[in-house]
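Chain IDs A, B, C, D, E and F follow the sequence of writing; residue 1 opens each chain.
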Amino acid sequence: MSEFTHINASGEAIMVDVSEKTETSRIAKAQALVQVNQLTVDSLLNGEQHKGDVFACARIAGIQAAKKTSELIPLCHPLMLSKVTVDLSLDEKTGIIAVVSTAKLKGQTGVEMEALTAASVAALTIYDMCKAIQKDIIIKDVKLLEKHGGKSGSFSAE
Amino acid sequence: MSEFTHINASGEAIMVDVSEKTETSRIAKAQALVQVNQLTVDSLLNGEQHKGDVFACARIAGIQAAKKTSELIPLCHPLMLSKVTVDLSLDEKTGIIAVVSTAKLKGQTGVEMEALTAASVAALTIYDMCKAIQKDIIIKDVKLLEKHGGKSGSFSAE
Amino acid sequence: MSEFTHINASGEAIMVDVSEKTETSRIAKAQALVQVNQLTVDSLLNGEQHKGDVFACARIAGIQAAKKTSELIPLCHPLMLSKVTVDLSLDEKTGIIAVVSTAKLKGQTGVEMEALTAASVAALTIYDMCKAIQKDIIIKDVKLLEKHGGKSGSFSAE
Amino acid sequence: MSEFTHINASGEAIMVDVSEKTETSRIAKAQALVQVNQLTVDSLLNGEQHKGDVFACARIAGIQAAKKTSELIPLCHPLMLSKVTVDLSLDEKTGIIAVVSTAKLKGQTGVEMEALTAASVAALTIYDMCKAIQKDIIIKDVKLLEKHGGKSGSFSAE
Amino acid sequence: MSEFTHINASGEAIMVDVSEKTETSRIAKAQALVQVNQLTVDSLLNGEQHKGDVFACARIAGIQAAKKTSELIPLCHPLMLSKVTVDLSLDEKTGIIAVVSTAKLKGQTGVEMEALTAASVAALTIYDMCKAIQKDIIIKDVKLLEKHGGKSGSFSAE
Amino acid sequence: MSEFTHINASGEAIMVDVSEKTETSRIAKAQALVQVNQLTVDSLLNGEQHKGDVFACARIAGIQAAKKTSELIPLCHPLMLSKVTVDLSLDEKTGIIAVVSTAKLKGQTGVEMEALTAASVAALTIYDMCKAIQKDIIIKDVKLLEKHGGKSGSFSAE
């Protein structure tokens, strides 16, 4: 049976000991997709500046959220992230705004949660800024795209 | 053309003025679905205590995140939430863990973002606690289920 | 059998609904006692400025902690405290530094936890500032002294 | 006369320079005791789930508070804790809930305050969850149990 | 002799009691001026997008900082700001970037510190984004421009 | 043309990658000047305790703000500061309160923003504590005094 690393033998939540783990370069890339309708697409494209500030706001919110991951996810370790980026792209035909985040660290623990938190909060910020136009926005497929570094090795989503 | 309430005529992000809005009872309910595989389902069910602490941890993370919404989403107003709940249920057959959050306020602005933030962070916490078992967990369909109160009236997802 | 207000019928942690509670003036007073030895007492008194800055630092830490209560205690509501004070007094004979905090609010929920958090963090700050002198400081008798306002009425410790 | 490391020659609070200190493995263990009455003991034991969620909530609050220590205690350094645990046990006869926390770091400064903050906030969370049942709960004997690592060497409470 | 409202008769810092103050509409406007050189002006204007993202980032940082005022300034009350805006303008000739912030509240205490904090942090963010180009940027004339509401009445800087 | 390090080729804000930068000792010193009038000077000097607690409060606020820099300035990296100090001096004749802050780190990125944030927030705290006496206080000349360490070498303001 697989093991929960965050739960001890008594079934209690713990923040695991990473002090003996090797310090390696670690990188993780994650995504969140925001599904909007045609009206929202048109509003975003109506005046490039609108998309500009909506996207700038989401990028910054995502970057700042990555730095708050250990405050938000109870068993995450505080980390000194060496890089965070959030990229956004709007597919006018499908109405999908793709949020892709990257987090990087030289340290003893992976940065998947930092990348996922950045993508989620950037997506929520887009939601917030567009919700006056459309009430049924959906954030879907929040997932890890790839990770490298650390004992468990590399991972890439199919 | 629809209007972004969070962007002014010059295309700049603003935190809108809610001081003239009526103070009403507002409630919002949101969801996030966490798709896990059979191995993770089995691990969660293996010893009820495991699911117990994973779910307790996610509930608390979601409740605390709701209170941090205005820190995370740049243009959200600080609010004095009067209630937050996060409910979790695991469907053993589909491997879907449904996170349903509720936020409540007597105030001048809606609480959709608070409910959505609670659901998202609870889902990310489940992800974090299960990621040692499964690397391809997906959080999908983060969306508003319903909201009541305020000028724009009630909304229910289909 | 008595009821936990923060746990629902399924045994799950919840942040209770206070939206129907009456808005009244609420005040709570709490204490924490820091037991130090004679060497620490002497160091505090050696140059009034030492006690001055140790106590100023503890007062400010306590006031700021009161404002962070809902971040620290998972099921506490965010509140707009209208007043916080932290008073400190050193009894040279017993080596007891008494921390007494007061929190005040006009609102729908009590402020006991805010007063207790202020007293605890002020006491921890004194501990931090004196720990280079003495390693076996004890913080004892953290408790509510009195509270007024709200449905459950007044309380005074014996 | 002993020296306050956090106060300079002019009597002013400073955050000391640790840049020349050796990076060693450091660990600290602290406790807080929560004294409850028989009614609270019975309520905690009435349905194992109650104790379960009260204790899970306190454990998580304690772990998260350890990560916030440098925000709460003004002169503490920000640290990248490598491990935090909070253990809770209820002695039915005495009505004492013992909170024992451990903090671990490979770094240049000790982690006593992190362990003490974790224990204090976990104890305050138990207080919060039980205060509807009993108004005169006391948190007592918050103290360091042991510490290892660093220039000042090991310490164990008697 | 004038009185410090944040210091009691014993010379100790306190967070004053505002519970008896009238709840009125309050607004404050503040500024900070960032003095940059011609090279920085040219870099900002070289590609409108550069100024765009530098200014968007500063606006958002300022808005978020206004919401953190009570965390930053020890004796400020937590407030539920109803509006915050940050406007930026670059005078190409003088090389002055003017940051003008506005904070609004219906409540019992003024919002000068919130407006001043927003302006200061927006200015620091511009500094951060331009410091790779120019090392001797100066932030000058951080001051209140005007305030309205509350017992002490209106104020306008000359 | 000079380059913005925090903006990528597409004009989007990014948190730059510091993982390949050398870990060196870095130190930065910054200032903020608070201009007050004679009445405020007299009030500060009237009873040494007044200046004492106003200055102690500002020092602590500045130190705590330095630790929050990466939360406030969106593209700053989280850092483990090894030292922070804030010194204050009042020139009775000119009415200028000089705030001088120092931040120190052994790490991969400079600490200018940490020093500048400490000085700014300490100055804002003085403003807050004196604003009941004088409404037209000005914070001027917030600037870097010197920095050492890192690839770009030393800098001293003229």
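List of remarks:
Here is the rule we go by: a residue touches a chain if its C-beta (ideal position, glycine included) is under 8 Å from a C-beta of that chain, and two chains touch if they have at least 3 such contacts.
As the structure is a prediction and not an experimental result, all values here were calculated from the model.
Shared contacts of chain D and chain E, meaning chains that touch the two of them, come down to A, B, C, F. Of all chains, the one whose mean C-alpha position sits at the greatest distance from that of chain A is C.
Among the other chains, the CA centroid farthest from that of chain E is the one of D. The chain pair from A-D, B-E or A-E that repeats the C-F interface, sharing more than half of its contact pairs by residue number, is A-E.
Although chain B and chain D share one sequence, what matters here is the overlap of their interface residues, and that overlap exceeds half of the numbers used. Interface comparison, B-E versus C-D: the pair with the greater number of contacting C-beta pairs is C-D. The distance from the centre of chain C to the centre of chain E, each centre being the mean of the chain's C-alpha atoms, comes to 31 Å.
Chain geometry summary: the mean Cα position of chain A and that of chain C are 37 Å apart.
Across the assembly, chain D contributes 12-13, 52-53, 56-57, 60-61, 64, 68, 71, 74-75, 78-80 as residues in contact with two or more other chains. Applying the touch definition to all chain combinations yields A-B, A-D, A-E, A-F, B-C, B-D, B-E, C-D, C-E, C-F, D-F, E-F. Listing the residues of chain B that touch chain D in their complex gives 49, 52-53, 56-57, 60-61, 64.
Touching chain F in their complex are the following residues of chain A: 25, 55-56, 59-60, 63-64, 67-68, 78-85, 87, 104-106.
Put simply, chain D touches chain C in their complex at residues 1-7, 10-13, 39-40, 42-43, 46-47, 49-50, 52-54, 56-57, 60-61, 64-65, 68, 71-76, 112-113, 116-117, 120-121, 123-125, 127-133, 135-144, 147, 155, 157-158.
Those residues of chain B whose C-beta lies close enough to touch chain E in the complex are 8, 12-19, 70-71, 74-75, 77-80, 107-108.
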